[in-house]
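By written order: A, B and C. Residues from 1 in each chain.
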């Protein structure tokens, strides 16, 4: 394994749908199907400005932002992002450098 | 646009006020007024140590930490931080490098 | 102080115990005892894949992921991670580069 572990962050909001599924659930299900090393989904208190999808109802209550964090090797993360190209209503997607100090041992493998 | 997109993170806590407004709401309202590209506000389960404002009531329940994340070009983020210099009770403020893989199209513009 | 401020991130889940204490509480208590500059604990909406500890009950509801963020000088953060070596059920632990733009003044000192 010469690949570097990075963190992928995908912003969306809870009210964004792809067909009849929430976008963040589609992303998480695909991440699971792709056997990425780890996925964590955060719900923000609020957010605005990220997606064309947003509704401007209130000054500070526009949408329920969701951030999906995925940890894996960089090449796998880039391939995963490619697999999301059919999704609308995705907010910014970014890759972040990290230095891994500890990685849990697992008998599930990671490949 | 030669500027690099970065992420700004501003730590504060829910009990911190500026006049009669919560500090994190002031920050979010100013971010909106400054037309930053995207703002996301997270409420932590708990936190301690970041601000002189903290109360040490319980070992693990000192304050309700809030993190405001803002995405935009680095120069705009630095100017935004300058615009917060009148606020007390701000915790750490930091700039983080990211590699943007996807940015939502928008007819709202970003400049 | 020639050391660089970095951010440590420790992933675990709410159902992970060390003895009769939750792992994330043990981590937070040790962080406080070590007088780190600041600690923030986030509870995710859900997560999967990070720890051998996870239970696969539902497709998108496997565990209640927790992320502990700690800010301090790099050398102090590395020493803190060493102090967690007895903990099982820790997920990934990573160090992240940040550029500090503002640091709250404090009469508590920082170690």
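Brief remarks on what is shown
The criterion applied here is as follows: contacts are C-beta pairs under 8 Å (C-beta built on N, C-alpha and C of every residue); 3 or more make two chains touch, one makes a residue touch a chain.
For clarity, every value in this text was computed on a predicted model and none was experimentally measured.
Under the contact definition stated at the top, the chains bordering both chain A and chain B are C. Fitting chain A to chain C on CA positions gives a rotation angle of 120°, reported to the nearest 5. Measuring from the averaged C-alpha position of chain B to that of chain C gives a distance of 20 Å.
In chain C, the residues that touch at least two other chains are 42, 96-97.
Against chain B, the residues of chain A that register as touching in their complex are 8-9, 11, 42, 44-52, 59-60, 65, 67, 78, 81, 90-97. Here chain B touches chain A in the complex through residues 7, 25, 28-29, 32, 36-43, 66, 71, 96-108, going by the rule given at the top.
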